[in-house]
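Structures given as structure tokens follow.
You will see two complexes here that share chain A, one where it goes with chain B and one where it goes with chain C.
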Partner chain A sequence: MLTTIQEDILKELYNVFVGEAANLLSEILQKRIVLSVPKVTLLSLHELNPVEQENLTPVLNGTILSTSLKFGSVFSGRAEFIFPTEQIKYVTALCLGEEYTLEDEESTFNDEDFDVVKELGNIILNSIMGGMGSLLEMKLEYDVPQIVLHSAGEYGRTLFNSEESNLLLLYVNFNIDDSKVLGLILIKFSLESIEFLIQKVDEISRDLNE
Partner chain B sequence: MNDLYLAIINQLDNGIILLDDQLNIQLWNTWLAKYTGKTEDEVKGLPITEVIPRFDNNIYAGMFEKALSNGQKSFCSAAMHQYFVEGRCSNMKQPRQNVLIRHLHLDDKIYVMIEIHDVASVYERIRNLNKSLQHSIGFTKSLERFAYYDSLTDLPNRKFILERIEKLIQQETIFVLFFLDLNGFKAVNDQFGHLQGDLLLQMFAKRGSQFICTQDVLARLGGDEFVLLVENLTTLDEIEQHMEEVKALLEEPFIIEGQQVVISTSIGHACFPRDGITANQLLNVADSKMYADKKEIK
Partner chain C sequence: MKILIVDDSTFSQKTTIKALKTIYPDATYETADDGIEGIQLYGTFLPDYVFMDLLMPNMNGQEAIVHLLEKFPEAKIIVLSADVQAAVREEVLAAGAIKFINKPINADKLGEIKQLIEG
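Here is the complex of A and B:
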């Protein structure tokens, strides 16, 4: 659905947005944190057949923790930052500078883990919303993200049943000191909104060629 | 501000601070007055960074600025920031606070609203709940171990092996039961005492366990009687070869008080379904064959 040029521009833009989040996180945690978006994909969810849905990304079929927020009125949609649950204890241990053991993975999640992920989601999604607002030259209204734990398969089912069918999928590499964790950012847009975003991307592309 | 709204804000079980666009305090609710010992009159009009020095940092300055300029909301977790407001008593437990920074637009004026949630007791409660859950899981596991395992040898006990046999019978899985009885165990008890006799049983169990495959079970029925359950042995040759291997392994000398002790093992076997279709029938057949084997050795 995106041309290579559109994809490259979006990838660069989102790398700038999450870069700002990484700077803030580095300051808060006093650690070297690098966030990068190596891949951006735009999908039309309603056009995917069941096999394509199943193969979309294996992470979506597992148990996951999502922080999500609804944004905008004219330019609208829902942005979500998700982590597979097996990585949550690892991420919180990395963020808090605690030692991570395999037993941690098996233990139950507590409010502290959820609050860490909520804050990470808040910082990352704030940067993305702020960046998109500047790009589109409009103020995007949104609230603090809500955190939800989804059992295996539940997230995928909700995703494919949602009203907004256009999904921008951003793979996020999360480097804390020398450790790496993979998260996903999903931004669901209404058709008008995605057309508006692509129009802006095309304007940037034209400006670059002039 | 409307008195009713103010009364509600002062009833809340969390801290509420309202800052004007210069980041000076305009509202400081009762929760904060109780928590910090500073009344609203004392702090009103003062810069937030003066009253709460932990906010005097670029990180929070950026959050306040973004809340004022574009309505951005920021959440700061106790896990990552620890706390913001210090309690008035030095002996209060370590404060842990979540903070929410948001924009407020009222009567053509913009404000920053800060919500402070004390989560120290919540975190502690959840941690204690998790701990108690882990304890009760551990207790259940230890009860299970007590019910199904022999405390001397740590091998599965009679209850365990009977349930396993019933299950395999239900599933119609072919298996062989070997009934093992030590020869000369009484002599060891008489010569070295019961403690050394127990030690011999433990060594026997350890050596026998090394022999078995994952799905096989070596259980202690009681005294010096053991049962070995092996799945999928079908021919008589296979069964006899297995029996000889077990005998040979267990005939290797054991060392007790520096002395070599050699004991032999009498073994009888029963096959499901050929020799019986209940656990008792199979155990009786294996037991009888074991006695026949013992008589031959004598």
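Here is the complex of A and C:
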């Protein structure tokens, strides 16, 4: 379990990293981005009951597109930019400077849509993880970003059946122009990396109290 | 002027060309999807400048810079990447890139590019 102080520091740090990422997103989309208060949860996934799993992040229950950036090796995990599929056409149109119509909403996704979301995710996740690496004073190695389309509920099932039973989840919801919900950013860390991160947070806490 | 964009994202290729066209509308642009294709295309297109992404499949940008400069020491490579890490910036500049720019390109960054190219 995280102490209140550890959670508060992690949340604030994440808030800063996500804030930087939101600025970039706003620049790309030419729209105001509104962020929710970030949530920081240290989870023992296998101990969550189905209701707790469902309430964790409701957006994960729908059909979603996720761009993930795997980082490692000393400090390892996976950062994900998760996106409800009903928003994809809207965001693609914004990125490409095209007009969005209801017909777009009903059409199927194409390679261009996936490519746009993947590149957005790449920029956002690099911004957040770069901040994290700077905090930890280490260079993070990344794999090429992956994009995956998950059917309804599939992402949640994968998450909760993950071999890594202990996960630190940092997540934030964001929306465009106060209306169109865009999705969330979620970072999962390995157990060793959680301990490493918490050590760093404790150092920050001690410095604050000196 | 001839400009080669090496990036695995078609969206990123298009946005980079669109942005660069605001300052160099008459330039000729070509694109490659990874480092290997970028090096091959360099030999036939002979661009004045290369805009290189870093995280790409098959051959990433850092490897491509090294191979490209081995083969074409005169190549002028500008890295355009989402990676914000200072260590990465230092590595690619040490490898021979002439500039590192973080995505996305905006008006300020276009100004920097113009200044770099025109002196």
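Throughout what follows, the second predicted complex is superposed on the first by the 165 of 210 C-alpha atoms of A that agree within 3 Å, B and C clash if a C-alpha of one lies under 4 Å from a C-alpha of the other, contacts with A are read in each partner's own complex, and residues count from 1 in each chain.
Note that a contact is a pair of C-beta atoms (placed from the backbone, for glycine too) under 8 Å apart; a residue touches a chain by one contact, two chains touch by 3 or more.
Here the structure is a predicted model, which means the values were calculated and not measured.
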Simultaneous placement of chain C and chain B on chain A, clash or fit: clash
First (chain B), second (chain C), both or neither touched by A:Glu98: neither
First (chain B), second (chain C), both or neither touched by A:Gly131: second
First (chain B), second (chain C), both or neither touched by A:Glu203: neither
Touched partner set for A:Glu12, first chain B, second chain C, both or neither: neither
First, second, both or neither for A:Asn110, with chain B first and chain C second: first
Partner chain(s) touched by A:Leu29 [first = chain B, second = chain C, both, neither]: first
Residues of chain A contacting chain B in one complex and chain C in the other: 24, 27-28, 95-96, 111-112, 115-116, 118-119, 122-123, 126, 130, 133, 139, 142, 144-145
In the complex, chain A residues that touch chain B: 24, 27-29, 92, 95-96, 107-108, 110-113, 115-116, 118-119, 122-123, 126, 129-130, 133, 139, 141-145
Touching residues (chain side chain C, partner chain A) in the complex: 8-12, 14-15, 55-57, 60, 81-88, 103-104, 106
Chain A-touching residues of chain B, taken from the complex the two chains share: 58-59, 62, 66, 70-81, 98, 100, 102, 119, 122-123, 126-127, 130, 133-134
Residue ranges of chain A touching chain C (in the complex, touch as defined): 24, 27-28, 95-96, 111-112, 115-116, 118-119, 122-123, 125-127, 130-131, 133-134, 139-140, 142, 144-145
